């Protein structure tokens, strides 16, 4: 079990951090977040893909990637989470790439992964969240057509390729059936995208509505195990993002507590503030340990991944929001203003907590994987 | 809805408090708690019954009581909880008397209640707790005999009369059946009492084992609704005890924080301590409101009692333990010593939290009564 | 029927008629007209002295009116600061001329008031304010910045505190002024908060002249005046709490959860129970304190308990609603807009009117009587004091 | 195989033989004999200087031995204070004579040591101690009381700090002494704690003479000496944490819950998940810090994070175990005795070795680098200082 980074990972973190500090300062984050129709900076994306090679990190070399691991993706996600960079990285490199890899469909992988790996294709995948209605798929000649809504898809407007999970209509019994994954061309007929109002302005989401939309089946007709693995990997990557955001929140408020004076003293000298910051630091120390462990498990201990992923999301959702909230509150009135960045992290934290499903679903999954359900 | 005490209730509280201060100081509480075989002070009991008339408060006059309400019993319980007085009051006046009243068995009430009301009889009732095995009852000539264990009964060694709930063996289907209540003479054949090791030394508990023990059926063969009401009234009375203990814990640590000096300052002047005490005070303010409401509902709004009782136990169990624990911890090392009283409250608080069943049972009951279970 | 009951009955009858023609969202002009009618009917300033335009009645009548008014949506929000804080401060500390000049128009809704205490550099430590007022001819010249001011855009007058003696310790060199909000040196700028909307304003003062007779409560004695005003604020924030809308209420969230079939999950029910416990505990405490007040027990600093618990409940409710109802709350097509907004609005309750830390200090010091924190700034001349945001320099 | 691996292999082989004949609960005499064998085999004081009886080897050998020893139950608990705290302090600050006299018997288990710092009146504020040492002929005369002393009943010597200059500020008038625990003026009284058992002692000093050459680290300079000792304490409490037995562990509680059929209830599973999350987070943090130490990153004050989280986990585990397993835990016939005891023992973890508040101060000050609390007692002569428990008198 390895809980500290390799030298290479530290270098990757430093390079990514430096790149984002230069290309994605908070002023730029806000500009993109507040401009309708703009969801990320294509220049930054090109440089992330080209100069830094971040988009193909965990994609095997045979599909045009660098063949590194999920630990490296976690390093990047942590920096993106700290910087709040608006980017389709999670949608394309984490969600879409991992589901394609997990589906084990050689032809589709060869077709679709190289573009994702070199950044020329932005893909997205709508993670199936417990409780959501799924679209239905029907065989139609050589291919399939899709029918029905997908409630939430990240970055669907930027995407050149949309992957969705759908139930095969012919195999449905009692209203549910196995899920299969389909690749959809965003320009395909019968596809309507509606932008949703998101709490987190840095990460746009869309509702899709299919109406006889042609789609390509990827992988087996029961993609259950592949989806599970892809979702576990997404849970780990998201946890890294959450860790990065959490650390930034704590750093920011600690810095402020050393500068802000009230009642003739630095506010950080008041135990009311100091003890809360100490508790937040304890949360961060635990969070980092869990995220490092989950990232290690993703690459090195596939048998531990299911528990590690559920652990990571069960812990991080709550922990990040708590720290982001306390950081905002401890800033006092200024933390409530639009101009201050605290609310951006607060909103990201809450959105992240719910991104892969409500917290109770992660906890229930953890209980199940720990063998508590008999 | 009345959330503040009447003048009469305030006088009753003052009189009870003064009486307990004189007869049940902590030194005496410890003496009784640490003496094997001694569970309460019979002199104090006689005076509580005679001079103060506390044992018959909520018993109707026709059964020899004073005909006051459960609000008055709550007043007494609050003082007993503050003083930690070892007494069978909860067992006899609350549990046993209320179950007898609720059963609506005129003959049994006339036989058994007057003794409880005037204190000459100490009764106890083993509250049926979810998950516990219940003894079985079998018709036997005119009466019944009991078979099997009762896991926990308060003050069974002091009791002149033991009431237990048992399943009527003939009506059991699939391992469970309606519960009926039986009166047992502690000297009856086939009854074994085993003293349990209790965390709370001030409140002894016993396991009973019946082996063909003769018993008198009281009330109907399905005592479900009566038991529910009696348990709700017990929940309210126990909540009052918890409130009294919680208040004493807070008072004690606030007093100490005004006297104890560390680093050249009264510890109560450190925000680390002050803010925690403020939070404890907030808990107390809420607790008092809930207990007053529940006590009011017990007398004046029987339709609100089921929710109020479940609310009271769901809130108070956690709240009292939290305050007792924080009070102990904030005392520092001295709070960990046997000589200090903090641990007596800590142990009482945890025991009270579990006395009528695990917290999840109260919460589940509350959810059900709020209509969340459909 | 007692006289008081009769008074309440008549008030209710009047309110029924008076509110009958009001639109759903009355504009400022309609609010002013309503206020004038309220005044003319004798329901504005019920307990205020007759000589300045009040009715000179007792708190019994006031309470009867409030009781009746609870069931009506009155368009009086814009007058709240004036009626709740500025007016009472003037009645306590104002000169005879000030009371004659300002109280009646305030009660009639002809003149709107705001309160100008908070500053960006001061925060919870209100007395460390840096807005300066220097003598200027017969009057004063004010320069500085205020923040978190409600109704500043509509206000005709503001009650402002400014530093008049920087050589005195910070509580002792402050003066309170009545400021004309229409003065050309006053600039009002809406402050956008984290909801994306603007509920408050920043106000900039650039050589604003204030005549000498507009000082309230004595030169350099403005801190005591401000405390008078703030006590009114705490009571009004605290006691009106039950009427605050709570979109993430137990009833609302459990209804939505049931509609979506979520209450079949025991984990969902358990979280709803958490919400119920906090909400019910809060409501019952509020009700008990109201009964105590009626019984003659002054709430004193316990208003801070209410404030702290309400802040906590507001955050918890918004949080738990999202937790239960899931991703739709944070990415919605309008259906869950109120809950999404509750998440953005919730921190405001913990920050406005004193942070949680300030509330805990008040509870510790004034309710529990704990020893005070050593105060390092009490006797230091203000100009030598560190204030606002600055680097640590040894210390 | 490297030399170090070979060292570890030999240590393991030796330990296997040496522990083979040990009874389950060795008595004091057996512990002493084992310690002597350990010393004679070269495994006591591995990094300590050879001239005083140590082995003069590097931390690499020490770590290899500890690694091997992890799998054996060694009866060395009674020597822990001496080996972990008193010995290192003497090595750092003791005179040549002291080191020659005391180190070897300490390492061989011939003489047992205890630590005499805590006082009932001082608590977390250790430096406010009131035990006095006054010059007496060539040496010193000690009077006062210490508390929370482990192994005092077995100890031959104690490292004690006492006040030698009450006119100096509190940190500057303290001296450290080596005290003979067999002196007739030393009375050891077991301290009964809330578990009902006695894990610690109170020690009373009544005119205990101490020769001048038993001062450690300079007269009036005992606070610095004590800090040296306490730093060793924090590390030993913190880093050994994973080895502490946790009766209310996730594995234990979930096993019992499953046995009783309770895990069918989603609410029970949810609470077990809470316990798992805290326990796993703690264990992973512990493991990560160990990896960092191995990689050369000193843990520094972060040991306080471990201590604080362990205190929290211990209390939470005991609490949640009772909550899940129900009334049987608090009223049992023996079956749940370990869980009942966990409830009584749990607060000890939050109190021993620094309260939670002290830990949070350390984390805030030394890990996060936050500005310090103003210190009101730093420069006041000790005799003018308020200490212990007393009424407020103005302030």
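Going in written order, the chains are labelled A, B, C and D, and every chain counts its residues from 1.
Methods note: a contact is a pair of C-beta atoms (placed from the backbone, for glycine too) under 8 Å apart; a residue touches a chain by one contact, two chains touch by 3 or more.
Nothing here was measured: the structure is a model prediction, and the numbers come from that model.
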Practice problem: Sort the other chains by how far their Cα centres are from that of chain B and give me the top one. | Solution: A
Quiz item: Does B-C or B-D have more contacting C-beta pairs?
Solution: B-D
Practice problem: With chain centres taken as the means of their Cα atoms, state the distance from chain A to chain B in Å. | Solution: 51
Quiz prompt | Rounded Å distance, chain B centre to chain C centre (Cα mean) | solution = 44
Quiz item: In whole angstrom, how far does the Cα centroid of chain A sit from the Cα centroid of chain C?
Solution: 41
Practice problem: Can you tell me which residues of chain B touch two or more of the remaining chains? | Solution: 258, 265-266, 270-272, 274-275, 360, 363-364
Quiz item: Hey, what residues on chain C touch two or more of the other chains?
Solution: 265-267, 270, 357, 360-361, 371-374, 376, 392, 395
Quiz item: Mind pulling up the chain A residues that touch chain C in the complex?
Solution: 129, 131, 151-152, 194, 196-200, 205, 207, 256, 258-266, 270, 272-273, 321, 325, 328-329, 332-340, 342-343, 346-347, 350-351, 353-355, 357-360, 363-364
Quiz item: Okay, in this complex, where on chain B does chain C touch?
Solution: 1-4, 254, 257-258, 265-266, 268-271, 274-275, 277-279, 281-282, 285-290, 292-293, 311, 314-315, 360, 363-364, 366-367, 370, 372-374
Practice problem: Name, in rising order, each residue of chain D that touches chain A in their complex. | Solution: 254, 258, 263-264, 266, 269-270, 272-273, 276-277, 280-282, 284-285, 287-288, 291-292, 295, 302, 305, 308-309, 357, 359-361, 363-365, 367-374
Quiz item: Contact residues on chain D for chain B in the complex?
Solution: 118, 120, 123-125, 128, 147-148, 191-194, 196, 260, 262, 265, 267-268, 271, 315, 319, 322-334, 337, 340, 343-344, 347-348, 350-352, 355-357, 360-361, 373, 375-377, 380, 385-392, 395
Quiz item: Residues of chain C touching chain D in their complex?
Solution: 265-267, 270, 371-372, 374, 376, 392, 395
